[in-house]
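In this document, chain identifiers A, B, C, D, E and F correspond to the written order of the chains, with residue numbering beginning at 1 in each.
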Amino acid sequence: MATSMNHLFITIFLMAAYTAIAETNMLQDLCVADLSNDPAKVTPEDFYFIGLANAAATTNSSMGSAVTGANVEKIPGLNMMGVSISRIDYAPGGLNPPHFHPRASEAIFVLEGRLFVGFVTTSGKLISKHLNKGDVFVFPKALLHFQQNPNTATASVIAAFDSQLPGTQVVGPALFGANPPIPDDLLAKAFQLGPQEIQKIKGKFQPKK
Amino acid sequence: MATSMNHLFITIFLMAAYTAIAETNMLQDLCVADLSNDPAKVTPEDFYFIGLANAAATTNSSMGSAVTGANVEKIPGLNMMGVSISRIDYAPGGLNPPHFHPRASEAIFVLEGRLFVGFVTTSGKLISKHLNKGDVFVFPKALLHFQQNPNTATASVIAAFDSQLPGTQVVGPALFGANPPIPDDLLAKAFQLGPQEIQKIKGKFQPKK
Amino acid sequence: MATSMNHLFITIFLMAAYTAIAETNMLQDLCVADLSNDPAKVTPEDFYFIGLANAAATTNSSMGSAVTGANVEKIPGLNMMGVSISRIDYAPGGLNPPHFHPRASEAIFVLEGRLFVGFVTTSGKLISKHLNKGDVFVFPKALLHFQQNPNTATASVIAAFDSQLPGTQVVGPALFGANPPIPDDLLAKAFQLGPQEIQKIKGKFQPKK
Amino acid sequence: MATSMNHLFITIFLMAAYTAIAETNMLQDLCVADLSNDPAKVTPEDFYFIGLANAAATTNSSMGSAVTGANVEKIPGLNMMGVSISRIDYAPGGLNPPHFHPRASEAIFVLEGRLFVGFVTTSGKLISKHLNKGDVFVFPKALLHFQQNPNTATASVIAAFDSQLPGTQVVGPALFGANPPIPDDLLAKAFQLGPQEIQKIKGKFQPKK
Amino acid sequence: MATSMNHLFITIFLMAAYTAIAETNMLQDLCVADLSNDPAKVTPEDFYFIGLANAAATTNSSMGSAVTGANVEKIPGLNMMGVSISRIDYAPGGLNPPHFHPRASEAIFVLEGRLFVGFVTTSGKLISKHLNKGDVFVFPKALLHFQQNPNTATASVIAAFDSQLPGTQVVGPALFGANPPIPDDLLAKAFQLGPQEIQKIKGKFQPKK
Amino acid sequence: MATSMNHLFITIFLMAAYTAIAETNMLQDLCVADLSNDPAKVTPEDFYFIGLANAAATTNSSMGSAVTGANVEKIPGLNMMGVSISRIDYAPGGLNPPHFHPRASEAIFVLEGRLFVGFVTTSGKLISKHLNKGDVFVFPKALLHFQQNPNTATASVIAAFDSQLPGTQVVGPALFGANPPIPDDLLAKAFQLGPQEIQKIKGKFQPKK
């Protein structure tokens, strides 16, 4: 590697040090995500979160569902731990629409109510089931899945992930509400619809500003 | 663990031995996916594939594109190697519709023609670009992406993956052509359409039998 | 490597194929732990478990607690998914005594009741907290931790792990109830007790037969 | 993700960049743990350690043993290399008391003397053996294990770990010498002892200040 | 760990934060290797590279070959993606001499021309093959391999790697052109040559200044 | 995926189950590499090896060195543990010639004697050092390295690896003793020698039969 190349190399990795981190084999007991990294300053609050205690409001969602994450954004002590939890609440008839997590498998425990859940394999097979309170169901890593509340009562689940920040890509808003937008003709061909139908769907998924 | 538990444990793992394999740190030089596993029988053909030499036919695809994988299904010597290649060919106006690979990032090299490509982040941002012959573009791991041929000439790419079998989940057929089907009302709510519109889209995506 | 060495090599790895599997980057969508591995035979039941719905009996435990796993031993579809769930129930005053999971971090959600929980770092610091219903707390990977129910009501948690089978090593029975037993003098020195005191403790932890 | 969320996200990860690093697939040849990261400044001393040459004093240990690590704290060039070495010295009758390494398996080579060694599986089985000079023995990842010198001569081992910093949690001091202390009643129940007996053991394990 | 030890620990890891990063399970969608890490500043150019479009000059290489990488040094968006591409161009009779990639397997697609390629297993077996335009061949992780252009026309390949920066160690210059040099007597013994023959070879591999 | 494709998929993976295993996150405590996998049959001997106690003969090696592995081929209990040990013995003037381990970093402890050791980075820098008895030195993952005994007394080291079977590729025999042989003209160009000189070197490295 020539000198200039080396220099570029160093520069890029110095830059990368501000951003890039992978989770697998840990190098330390703890890795609390705060500025000081002074073990003497670690407190129990770094490993604690109170925000899943109550059902989240589902009224401001057109889908009738709300996801509350207890991940590394909320619990700095989760950094490098490879696990996180979410609570999902469903209004009567609510839907956690088709989505996937790029970085995690998911196992849910039904806290309350009933759900119709399912995932689709890459060979196109739907694996679905009606769940009752207390049931556990698994959604394999990075496959499309959904949960629907078919009842007139609310429902809730606790979801476990094998990632400190699983990420979520919801198909509807990702494709029809992207910013900048995906061109109409592309979506029209992908879904075998006309441009006007695409415009109509896009109208329902306002891009985030 | 009680005895019966131990017995179950053994049984499950004996069973698992027929199916479950992960790729990361290798344990051997080679791990050719054939029955004998006799190093003396390994041949150059185990590491070789001829099937990407020519453009695949795109005429029998409603999308006007065709993906040909050079993965572990075709090249047994790729087993445990963590890498594979695909060739994608596009008819004029052809589309490799929105999809993601549950197990891989992707980097493409444009062999021929021009393409409009893009991916969507989990925060809803579209990253897109017009590519020319010889350009390289990257689609991050397990994020929705697409390639479109906007020209009247054909196009082709060579795609590199960090998985011996990246898997592909195409949104349209996965949701509207699953087998058994995802209920109409669920999809209608997810895409903010009416049941009749869902039926219409489903008609375009025949489930595989 | 000489021929005989090669032969040994092959033999060992053929043998290993019946037992050894790691979890990280998956090679397939699913890897259900059953004999056939025929995707056509995969059913929703492979991803489902009903056994966490009710509190387990804690009466036959001297500790006043009971752990019920929803791991790959119960849910074959969890194979290679890297995640699992447990339910832990606590009698009034019950204790899930000091233990660790060799293969997992843990995040708990308090289903019911109150708990005093904590873990110890390798530098000897105790991180502990009193939890209420709905709280989340994290125990870092493979560190000693405990949960105690300080109340006169029962308590329960749902625990999430980043392993399909986290394993559990409880200090008391592991050291004082091992089979065959760890010699008295060794334990006496380790805990700075007399041999008679060790005998007394051992009497409380009957080795499993 | 809303803007404020994004901001939190960035903040946390900027913070994490000061602390969090995993070891698996390397990104560079070397990653010497010093401030400059200027490859031109890398020297042989970065990969070298002299501190295992002589037996460490075991007289100031109530256990009669001393562990000297040749890990990333001593050898900056070990950073990201996934391996480290320790030397353990034993006085006559000395004990390396029951402990585990949260981040590593261990293989030992007996440099000098004789040892009685063992580990306990999660199902409670003790695997133990008497070793002579030159013998090798393996302690599986994150399981409780010990080494005892049953002789009137000193003993020493060289231990290999699959981690640049395996971490060590010694049961006695972790539970009875934690700072702040684990409550007496909790330990009393865990070990089926009386509070006075717990106090007595705690007296032997002074918390680090 | 005593206080001074803790201090060293912190110091080393603060230092390491400037240099050390592993790739495996990602923690975020993107991790573009630039200073700001402000998602709002990510652009398509971060995922794009134009430099493989044309054959590189092979005239200034004694080997008659040129490797052009499209890796994280050129494409900051590749950071943490686990994949990269190279283009290799060969003059008539050109050779990509025996080398290996410490961090990657490689799969090549022949863009143009013909090649004789091969790798050697750790048990000394040569796996070689003559390739034509459009063929795919695999070189297993970190094994010695080569590509030779046996024709009077130029040749080119696109190579896929399962690493964002695979690294390359070419045997000839690594051993005979190291800086400072490897002693003559050592190389003479290793290759069973005389010191004068070693001097002659070294003369062909000038160390980089 | 069409039916025939699915069938191929299953077939390949059934075949793979006999051969392919990766090491990283373990799924069980133990994974002893023997046929039965019956935990009740695990014995201490599965974790034990006596073969490193004495120096190996170096007289039948033209290099004057001998490597004795204590890896998974010798210790079935090492399976999936991610670590192994070797003993290397050196005659006076002996050389462990330039080689690398495709699957491991290495840390050595000098048991006896003195050594001149070194490794070469991918940018061509030699990092070398003279070691004395008791010294520790690190060779980074998959980089070319060597150890030379410059003295008139014998020497020995204990080497630690972060792999249960690191693999070794020795440059001399790999390139000049491959079976079938690498063509003379290819090696001649790679090392800038004449075909006769290549023939002469090849004569010293007889391929294994």
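We adopt the following convention: a contact is a pair of C-beta atoms (placed from the backbone, for glycine too) under 8 Å apart; a residue touches a chain by one contact, two chains touch by 3 or more.
This is a predicted model, so every value here is computed, not measured.
Chain B maps onto chain F through a rotation of 120°, based on Cα atoms and reported in steps of 5. Interface of chain B with chain C: the two copies contact each other largely through different residue positions, with under half of all numbers used appearing on both sides. Chain A and chain E have Cα centroids lying 36 Å from one another. Chain A and chain F have Cα centroids lying 43 Å from one another. Residue positions of chain D touching 2 or more other chains: 1, 6, 9, 13-14, 17-19, 21-29, 37, 39, 72, 82, 102-103, 118, 122-123, 125, 128, 141, 143, 163, 167, 208. In the complex of the two chains, the chain C residues touching chain B come out as 6, 10, 13-14, 17-19, 21-29, 31-35, 37, 72-73, 76, 79-80, 208. On the side of chain C, the complex with chain F involves touching residues 1-2, 5, 8-9, 12-24, 27-28, 37-39, 72, 82, 102-103, 163-165, 167. Residues of chain F that touch chain E in their complex: 62-63, 95, 97-98, 100, 102-103, 116, 118, 120, 122-126, 128, 141-144, 146, 148, 167-169, 171-183, 186-187, 189-193, 197, 201, 204-205, 207-208. Across the interface of their complex, chain B is touched by residues 24, 26, 29-30, 39, 42-45, 47-54, 70, 75, 77-78, 81-85, 87, 104-107, 109, 111, 118, 121-123, 125, 127-129, 131-141, 143, 158, 160-163 of chain E.
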